[in-house]
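Could you have a look at this structure, given as structure tokens, before my questions?
Should a chain be cited, it is by its letter among A, B, C, D, E and F, assigned in written order, with residues numbered from 1 in that chain.
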Amino acid sequence: MSEIFEFIAAEYNYWIYVTLMMIGFYAMIAKKNLIKKVIGANIFQTAIFLFYISLAEVEGGTAPILMHGHDGAHAAHEVIYVNPLPHVLILTAIVVSVSTTAVALALIIKIYQVYGSIEEDVILAYRKQLAPEFSEHARQKQEGEQ
Amino acid sequence: MSGFDMIMVHIPLLTVVTPLIAGFLMPIVGWIDRKLCWYWVMAIMFVVLLMASSNLYTVITTGTIHYELGGWKPPVGIEYVIDLLNGFVCLIIAFIGLMVGIYSKESITKELPNKIIPFYSVFLLLITGLMGMTITGDIFNFYVFLEISSLSAYALIAMGDRGDGVVASFNYLIMGTVAASFILLGIGYLYAVTGSLNMADMQNLLPDLYNNNNKVVLAALAFFMVGFSIKVGLFPLHAWLPDAYTHAPSTASALIAGLMTKVGVYALIRFMFCVFTPAFVFDITRMAEILTWAAALAIIIGSVLAIAQSDIKRMLAYSSISQIGYILLGIGLANLIGMQGGLLHILNHAFMKCALFLVAGAIFYKTGIRNIYQFKGLGKKMPVTTLVFLIAGLSMIGIPGTVGFTSKYYLALGSLEEGMWIFVIVILLSSLLNIVYFWRVFDNIWFGHPHEVEHIKQDEAPVSMLIPMVILAALCIFFGLFAYYPLHYILEPLSEALIGSGVGP
Amino acid sequence: MSGIQESVVIRTVVRIMVPFIEIFALYVIMHGASGPGGGFQGGVIFGAGIILFTMIYGIKEGKQRMSNKLSRILSSTGLSIYAGTGLLCMVFGGMFLQYNVVPLLSLDPANVSKILIDVVEIGIGITVLVIMISLFFDISPSEEDELQLSEEEEQ
Amino acid sequence: MKIAALLAVILAGGMLIYAGQDLPAFGDPNSPSNQHPIVEYYINNSETESGVGNIVTAVLANYRGYDTLGETAVIFTAGMAVLLLLRRREI
Amino acid sequence: MIWILDFTMLLFLVVCAIAAISIKDLLSAVIILSAYSLVMAIVWVEMQSVDVGFTEAAVGAGITTVLFIATLARTEGRSED
Amino acid sequence: MVTETVNSMVPALAVLVSMVASVLILAFGKYPNIREGWTFVAAFTKFSLVISMLPLILDGKVITYTVVKMLPNLPIAFKVDAFGILFAITSSFLWIFVTSYSIGYMRTLKEHAQTRYYFCFAIALSSAIGIAFSANLITLFLFYELLTISTYPLVAHTETAEAISSGRKYLTYLMIAGVSLLFAIVVVYNATGTTEFSFNGIAGLETLERTTLIILFIAFMIGCAKAAFMPLHAWLPAAMVAPTPVSALLHAVAVVKAGVFTAIRIILYVFGVDLMETSGLWLNMAYFVSITIILASIFAMTQNNLKKRLAYSTVSQLSYVVLGAVLITQHGITGGMLHIPYHAFMKITLFMCAGALIVTAKKENISDMNGIARQMPITMLAFTVGALGMIGMPPVGGYITKWYLLLGAAELENMILIGVLLISAVLNAAYFFPVIYVAFFKKPDKELKYKEAPLTMLIPLVLTAIISIIIGIWPDAPGLFLDIVNIAVANVTGGGI
């Protein structure tokens, strides 16, 4: 029993990332509200980022910014730096994440303009109800707009 | 070094960067004159096509090209690698891109008259994303370009049918984000156990871990598989695909159906064979076996669902699901013949499906009809368009003399070589199902009751829409009769290399 | 948000704060080479300043300071600076984005890299800032959109 | 639907936990990702090769500068996508 | 000491995440998400990745929240689940 | 036996000529005279091209030509041997007659979509010749599928609900056949690495396990559904909704003969005489087709619609051809192969007569044809000639093939097969004599005036009737069918004559 506990305790941060990822993933696929889905996506992605950042961690390491102490040249060899590469990757990934969020939100606004709701089942019901006429109707409407 | 040589060195890079820069500059080009946009896209796509051909030619004649970005040696910096596999896929991307570009002139002017500038900008960025995913030899760079292509695809799909298009796009976005997150997670796992991001470097570092039965590597493989399966719309994970293809604007459908899934499949191959090793994927984990069965299931179920559709684009979308099954089946068989069949089907399916979606778009452009039961008399009204549909449709069925036959034949042979009779039967059964759903359309196009269609006047789509369709149809027949050339020069050595040890990227 | 928008205190505070935010943003962009920060973060902060201004003073006011056309050109320009730097390296015989080959003011390669990195960061900053603002403008509600929305519902 | 979602989540979580057993320990300086020679390379050479004190910036803009170009392109794509979606007037 | 702080913050993240996806008022959910991002940024800074923390604070807690709120202003603020 | 091969483009040209014609037909769709002129030109050109190869074949040579290398190891190639040219001559020669007949038929009935009709007809002919000249299974498969597709619009020509549903049936059967054939081809290629026809059968097939071999054979025979073996015959009567010239040429000659041609190609040139004999497949197949022969004849008797009766008669007669081939004795094979052209001439005569009746007297059902011979004596005389040939009465051609088949069965001393042949002759008589009797001897319901079909229709059917008699009186004329068949038989059995 204690072994299992030790095993869990030793990597407790990893288990928390896993929990976060599962929460986010669950929200993405199970929540009916579109905004909730996007929130879930954000949580999922940040959890992955957290995993990356924790990979970079080195015990006793400092941020990867070169220190210029009094004897600058030597300092670089004495200080332990954390691994900079995951940081770079995550900088990029954060940008990707915010871009995806922006596009998703724009889509949500568009959906709300058409269906008047951001609940998945309401939209689904609406589409089902209007299925035969709706596409035709929408087309005429679009032509009218032009 | 002469100026020409200097340019030639950079061609692999420029294949990606040219459409990227052109996409950035699109707002400025459009600011000068909106009419310039299309010509700009055409010029760029033509140049990209030339560069992609030049890449492939160089690969065939002199071997794999390496391009170190920023001059940094691979594990330090990012590297572009072009071998036969991605040279081949790049050429397809460039070619289909050009065709759809030509086609888009009229269709976009009608469908999105006041959004031409951002449309073409996104169009070029989509090409960039796909090219970048294909050429890169760096696993994280791959992810970045994957996102470029995904974001542009979401935008393009959302431009389609009011309401439906947006919902389809949103569902795709959610699924796509799940897929991308899985892929990112997989990349993270591989990074955690190897410390590298370069594909070739990884392939060298990973085998030690297989022998220790490292669980992280296995999980990474699983996440990649699921992620890419979502991206290509493999059967149990295909839910986003039909809506997205159906409700996108016709240009976007053609582009996405023709290219997005192909590049997804390419990525799957690349990861299976060039990041992991075939030995790992096929023998140690037997992941490929699962893939093959899923593919077989996709072939049948995709075809059956296609029969149930009355919207032509939705029918084509389901048929895409089954065709993706063909490609993956060939890859999963992992023998020389099956592999060639699968790879050949990437080329073939791009031609056929693109042509079919373009036809569906042209019909919608002219008549506003997408329901196949309202197609009566179209054979008289739009003879060229419907003829293209006939050729591409026969191709999908797999009539000999068209491209569909050669790949089907190879896939059947490959299955037989593995002793998997069931897959042979699956392939043949699906061609019968293909007949059912395509023939329904043929019947409606040409065999309406004569008195109903007697008075119809010929009214073809504009020439700029016809040209790409006719070219694609012609290629469907050309490569049906001369499949020897791609097979002999590209796919045979490629399959040998992939099966052999996995080519280093 | 109308209540907040009318509050004089907040309006004044924002008017005073925004320039400082922008200066800080510029600092972050330029400081990226030696400390935390860089083009992306700076661009976002710069954008956030303008967004803050817009939230209080209304979209119209904000758009006067950042017209559509300008944002379009600027977003292209930012990326062109980046890609142009890469192409410049190619012209001088290096690979794409190989900064140290550019014979800039006959400095040593490390310094050339530093300068070009700064140039690149500025490019990123411009693009990010413009896109962030344009995202906000597009996503946030404006009077004309609401008008069109109600029209649609009537149909 | 909810059950299917839960199942998928549990499946994914199971895979994550399964993988966790073999992951290098947190903060381990000897983990493969921290031991790979490129880390050393970045730390030692970013000053001399890029003239930049912040290693992250050096990697971001110089060694992996192309990724950053891609990243900027992603933002640009998002901007264009939102423009395409939400602007109604001629653009 | 550090690991206790660390653990608390991570736990806080989980609580925030659960709250963000289960609360019915969307504006609150978004604000909680913002708090989540901010704590995440602090965790990252604490893990010595200053740049990423900085970015997350600006993007996750800043821009993303603003975009979310702007969206809510144009749609509706309540969720069924 | 070593045969000399000659490389020549002529076979490719012979296939191509009607393809080119089809494009011209399409281009001149608005000018009926020019359009049909092209059809004639193509028919004559094709026949002369085919016939120009005959001397070489009679010399015992084989003409080969590789068109393209479609896949590595899988060229699209032509190889003209005696058996191939037998089928090619039959179809291309009869095309000339049917062209003339079609013009009369289509114009009299003022049919719609005539351009599509001539277009598809030309493509179908190309395919038939392509099948005849194929050098390997893949080329054969290509043209086999092309033939199916190009004949579909002809079957569904009238576009009525019935026509469409018959077309669907037609397509279903033939496409399933195509798929089955493809399956078999894949198995053959996988086992032997080639699909090239050979006089002794493809080497390497004998290494297959017996079960596999049987599955392969069955797959091939399902693939030959165009030959209308009994459980797979239903498409043929259904296809009778097509305009009569289509039934005449395609469903009495080109399509169905392509089916039996393929069957023989597979039995003798893929499996080969030896393998058929050692595996014992020949006897099973012989019994199997015997069932078709008898049953189809019985079905034919129950049909009142003349075209349908002829269709069932075709089903039964086709099985003679295959029966001959699977007897794998020299005489049997001769009889089977010879039946291809002989049956063609007789059956086309019968169909053209039926078409003439439809056009002129507007009569399709036998029960309505009381005394029709008084109105159309020439047509009915020609019909009688054809019918006598089918029954096997000298001097019309049919008796010769039956004689050879009987000889073959007698050599084997297999009483069942001999019995089948004799009974079927009786049955043939039983379903043809009533027609003749009704037409000549029954009193018409009302007074009929002498009125024959237009000359463009009448001349062809008279000519084919005459030819049917000539080949019966003088079967061994040099260069005529028996001569060619003898060479073909010598090729596959490996001996002299």
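Simple rule for what comes next: a residue touches a chain if its C-beta (ideal position, glycine included) is under 8 Å from a C-beta of that chain, and two chains touch if they have at least 3 such contacts.
Everything numeric here is computed off the predicted structure, so don't read it as measured data.
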Worksheet entry | Contacts common to chain A and chain B (chain labels) | C, D
Worksheet item: Considering only chains other than chain B, in their present positions, which groups are joined through touching?
Response: A, C, D, E | F
Fill in: Winner on C-beta contact pairs when C-E is weighed against B-D
B-D
Worksheet item: Where the CA atoms of chain A average out and where those of chain E average out, how many Å apart are those spots?
Response: 11
Item to complete: Using mean C-alpha positions as chain centres, tell me how far chain C is from chain D in Å, no decimals.
Response: 22
Worksheet, complete the sentence: Whole-Å distance, C-alpha centre of chain A to that of chain C, is 23
Worksheet entry | Per-residue multi-chain contacts in chain C, two or more chains | 34-36, 38, 40, 75, 79, 83, 86, 96-97, 99-100, 135, 138-139, 145
Discussion item. Could you pull out the residues of chain A that touch at least 2 other chains?
Written reply: 13, 21, 25-26, 29, 54-57, 61, 63-65, 85-87, 89, 91-92, 95-96, 98-100, 102-103, 105-110, 141
Worksheet item: Among the residues of chain E, which are close enough to touch at least two other chains?
Response: 49-51, 55, 59, 63, 67, 70-71, 74
Discussion item. Can you tell me which positions in chain C touch chain B when the two form their complex?
Written reply: 69, 72-73, 75-76, 79-80, 83, 86-87, 89-90, 93-101
Practice prompt. Provide the residue numbers of chain B that touch chain C in the complex, in ascending order.
Written response: 1, 6, 10, 13, 17, 20-21, 24-28, 31, 67-71
Discussion item. Under the stated contact criterion, what part of chain B meets chain A in this complex?
Written reply: 113, 140, 143-144, 147, 150-151, 154-155, 158, 161-164, 166-167, 169-170, 173-174, 177-178, 181, 184-185, 188, 191-192, 197, 368, 370
Discussion item. Please output the residues of chain C touching chain E within their complex, sorted ascending.
Written reply: 1, 36-38, 40-41, 44-45, 47-48, 51, 55, 132, 135-136, 139-141, 145
Fill in: Interface residues, chain E side, partner chain A - complex
6-7, 10-11, 13-14, 17-18, 20-21, 26, 29-30, 33, 36-37, 40, 43-44, 47-52, 55-56, 59-60, 63-64, 67-68, 70-72, 74-76, 79-81
